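Listed after this line are the structures, all set down as C-alpha cells.
Heads up, the next two complexes both have chain A, just with different partners, chain B and then chain C.
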Partner chain A sequence: MTGFHDQWPQYEVFIKSRNGLEHKHFSSLHATDGQHALLLARDVYTRRQEGNSLWVVAASDVSQNGAEPAAGRSDTPRQFEVFLRLKPGLDHKHIGSVDACDAAAALRSAETAFGQYPAGSLWVLPSASVLTSEAEWSGPFFDAMADKTYRLPTFYQLPAAVNNM
Partner chain B sequence: MYTQALDLPGVQATDSAVTEAPCVGFDEKLAADIKIEPSDPMPDAYRKTLIRQISQHAHSEIVGMLPEGNWITRAPTLKRKAILLAKVQDEGGHGLYLYAAAETLGVSRDTMVAALLDGSAKYSSIFNYPTLSWADIGVIGWLVDGAAITNQVPLCRCSYGPYARAMVRVCKEESFHQRQGYDLLVAMMKGSAAQRAMVQEAVDRWWWPVLMMFGPHDQDSVHGATSMKWGIKRFSNDDLRQKFVDATVPQAEVLGVTLPDPDLKWNAERGHYDFGAIDWNEFWQVVKGNGPCNRERMAARIKAHEDGAWVREAARVHAEKKTARQAH
Partner chain C sequence: MAEIDNKDLIEYLLRLGDSTLVLGQRLAEWCGHAPAIEEDIALTNTALDLIGQARQLLSYAGELEGSGRDEDALAFLRDELEFHNLTLTELEGGDFGRTVLRMLLFAAYQVVLWQVLLRSTDARLAAIAEKSLKESRYHLRYGADWIVRLGDGTEESHRRMQAALEYMWSFTAELFDRDEVEARLAGVVPSSDSLRSAWEGIVLPVLAAATLQVPTVAGYLSRGKYGIHSEALGPLLAEMQFLQRAYPGGNW
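Here is the complex of A and B:
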C-alpha cells in the first residue's frame, strides 16, 4: 500500500468570530502552504459563519512558554504576535504583539508586557509568518456560507411534541 | 456520529498501567475538574487511551460518510440533496476536528490513517450496515445521530481540553443532523402507504444495531472503569443506552412507527422503559469484520486513499516549487 506517509505540513488556525474582538486559536489542519491552509480552514472551521477573519501559521513557527522555542534569530528585533490562555480548558486568545530578536526573548517580553499567569499558557509566533484572510479576501470569502440556512437546527420545524429534540 | 469502539478488546487494557509513576499535578487537576492540556504531564496510559479513543472516533466520522454518501446522487429533491451534502461534509469536518485533537497527544495523522487502512484501528460498527432505501437516510439522522448525541454530549466535559473543545463543536452541529433526519421521516410518513412502509422497514433494520452503538453491557466493558476515573467517560454504556431509549420511544410514537421490540414497555417502578435482550453475537461478528459491509467500507477507504496519492503529491510539489521561486 502506498501513500501512507505523505502528510502535508501542519498549520494552526485562529478565528475571529463575527462579534469577537480578537482571534482565538481553533485547532489545526494539514495543508501544502499558507494559501491552501486558509482555504481549508474556511471549509473545515467556518461552515456556519463562525468567523469573519482567519489567521493561519505553520505549527513549527509557534513557541510556547516552558517548551523548546522555535528556531530562528534576527539581528534586529522583529514583531511577534502573542496569544494567552488564561487557564486550562480555554483557547489561546490574541492579546497583542512584542518586538524581539528570537522566540525565547519574545516569550520573556510577553510576560513582562502582559503579566505572568501561573495557570496560563503563552504562545508567540513571528508576525511575518501569519497569513490572514483579510489580505486577499474580505466578504466574498465567507459569504457563501450565509445562504445555507438548512445547516442550522432551527431550519426544521418538527411536531410540537418532539420539537425540543 | 460516534463510535462505541472505546470498549473493544484486542487493544491493551489500560488498568495495569495505572501503577506507573505519578505525574506532577495530574491527579490534583482531575480531582479539581481542571482540564488537562497538551503540554501538561500525564500518565502514558491516559495518553494512549485518549489516542485510541479520539482516533477511532475520527475514523468513525470518516467511514460514516460512506453509507450516507451512497444516496447523495439519488436524493429525491434538490433541497434534500443540499441538506445531505451539507451533512456528509459535516461528518468529514468532525473527523478532521478529531484527528487534530488526537495530534496534540503526539501521534501523527499518517500513523492514524495507516492504522485505519491496515485494519488495526476500529471504527463504529454501525457503519458496516447498508443503506438500502431513502428512508435509511432519515433513520440514520434520527436514530444513529440521536444515539451519537447521547454519547457525545458528556464528552464535551471530558478531562482532556482539546478533545472537549472539539466535541463542543461537533455537538453544536449534530442537532441539525438529527432534526433533518426526523424531518425527512415526517415527510415520508405523510406520503403513500408504500413510503410509510419504507420508513417502518428502515426502523426495523436499524433499531438493534443502534442500541449496540453504546457498546457492551457495563459488566463486559473492558475500559469503562479506568476511563471513568480519568474523566474521559462520564456515564456508563448501559446508562447512556437507557437514556437514549427513554428519549426515543415518544419520538417513535409521534412519528407513527413501531420499534421492533415486543419487550419494550414502560416500567413505572423504575421510571424507565424496559427493552429486550440485545443480540451480542451479531455485535461481535460485526466488530470482528463480518458485518454486512465491513469489507466494502474498508475497500472504499483504501481506494480513496490510494487514488488520492497523486493529488497529495502534486499539491505538495507545487507548493515547494512556489516557495523555491519566491526565494529567488
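Here is the complex of A and C:
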C-alpha cells in the first residue's frame, strides 16, 4: 500500500449542516477525481446526518492568504468562492464570492470586501472548480442516512463488565 | 382481488430480505481490507444500508409468519437451505472489481424493483420500497462510477473488470426468473421477467461506457432464491451466525 495515496489527489470537503447555514469546511479526503470525491464525501462525512449539502474541491485549487496562491489566470474576471476562518480552532466558513482574474487578486478583493482579521485565515477557490451534491440527488445522498440509529455508537448498550471501554 | 396467501408473501419477503442481508454481509467483509480508508467506509456504509433493508423485510416476514421469529431469529437461526437469496449475492467477493460490479448489477435490479413496489397494494412493502429506493439509487451511482473508471481505465483494470463480468453475468438470469409464488402475488409484487428491460436499460449503457463486452451466455439458471445455493453460502452463514449459534440469545 506504500504510496497509494500519492496517486490520489486530496480534496477539501465542505458541508452545510442545515438550511439557513453556510457551507463550512469539514475535512479532506483522497479520491481519484471530483465526482469520486463527492461520493466518498457523502459516505465518509455525512453518514451520521451531518448535513444536507456537500461541496468538494481539489485541494490544489484552494488558495490561502499569506501562502503561495494557486496558479491559473484568466483574461476576464471569473468567480471565486470565499471562506473565512476567524481564528485557529474554528472552521473555514463560506462568506460570499468575488470576481477576479487570478487567486492572488481574489484574495485581495476578499480582504477588501469582507475585512481583514488579524488572526483570520482566508481561502479562495474558483467557483467553477467546486462540485456540489445536486438538488435532485438530495434524497439518495442525505435522506438515506436518516432513521439508522444502529449506525451510532450510542445505540449499543455495553454490558456492565465492559462499561469502561 | 383474490385474497393473497401469507405464505407466498413471506416467501417473497425472504427472497428480498435474504438477498440484501447476504450481500450486506459480503460487503462488510471489506471492513478493514478496502484499498483506501475512504472506500472502506463507503463499502461498509453500503453494507449498513443493505442490512437496514434486510431488517425491515425480515421483520415483516416474521410478523406475517406469526410464530415468534423476529428479524434476528430469521437472520441468525436459519440454515442454508432455508435462505432464499439470489445466488448472485452470495458469490465470493473476489477482487474489488467483482465487488463493485455486483453492486451495480444488484443495485440496478433493486432500483427497478423498488420503483414497481412503490405501487404495491401492500402498503408496508410500498413503504419499504420508498425508503430503500433512495439508498439503491446511491449504490447504483457509486457502482457505475467505479465500473466506468476501472473498465475504461488501465489495461489491468479493464482486464479485471471484464473477468468480473464474465464471472458474474451468468448469475443475472435468476434475477428475472418468475415462478408461481410471484404469479399468485400479482398486484402485490411484479413479475420478475417484467423487470429485465428496465434493468438492461440501466446496466448496458454503463457497461458500454466502461468499454466492457457483455458475455454471450445462455441456458444457465442459478436457483438461490428457491433455496438451492452455491458452495459459497455455507461459509458465509457460518461466519455471520457463529455468535448466535455459539452463545444462543447473546445480546450486547
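What we mean here is this: the second predicted complex is superposed on the first by the 141 of 165 C-alpha atoms of A that agree within 3 Å, B and C clash if a C-alpha of one lies under 4 Å from a C-alpha of the other, contacts with A are read in each partner's own complex, and residues count from 1 in each chain.
Throughout what follows, contacts are C-beta pairs under 8 Å (C-beta built on N, C-alpha and C of every residue); 3 or more make two chains touch, one makes a residue touch a chain.
None of the values given here were measured: they were computed from a predicted structure.
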Residue contacts with chain A in the superposition, chain B compared against chain C: B
First (chain B), second (chain C), both or neither touched by A:29: both
Partner chain in contact with A:88 - chain B first, chain C second, else both or neither: first
First (chain B), second (chain C), both or neither touched by A:140: second
Partner chain in contact with A:39 - chain B first, chain C second, else both or neither: second
Which of chain B and chain C A:66 touches, first, second, both or neither: first
Touching partner for A:7 - first (chain B), second (chain C), both, neither: first
First, second, both or neither for A:150, with chain B first and chain C second: both
Interface residues of chain A shared between complexes with chain B and chain C: 1, 4-5, 8, 29-30, 32-33, 36, 43-44, 47, 148, 150-151, 156, 158-159
Touching residues on chain A, where the partner in the complex is chain B: 1-8, 10, 27-30, 32-33, 36, 43-45, 47-48, 64, 66-67, 85, 87-89, 91, 121, 148, 150-153, 155-156, 158-159, 161-162, 165
List of chain B residues in touch with chain A within their complex: 29, 34-37, 39-40, 79, 82-83, 86, 89-90, 93, 96-97, 100-101, 103, 108-110, 113-114, 117-118, 146, 161-162, 164-166, 173, 175-176, 178-180, 182-183, 186, 250-251, 254, 302, 305-306, 308-309, 312-313, 315-316, 318-319, 322-323
Residues of chain A touching chain C in the complex: 1, 4-5, 8, 29-33, 35-36, 39-40, 42-44, 47, 137, 139-141, 143-144, 147-148, 150-151, 156-159
For the chain C and chain A complex, residues of the former touching the latter: 35-36, 38-39, 41-42, 45-46, 48-49, 52, 131, 134-135, 137-138, 141-142, 145, 149, 252
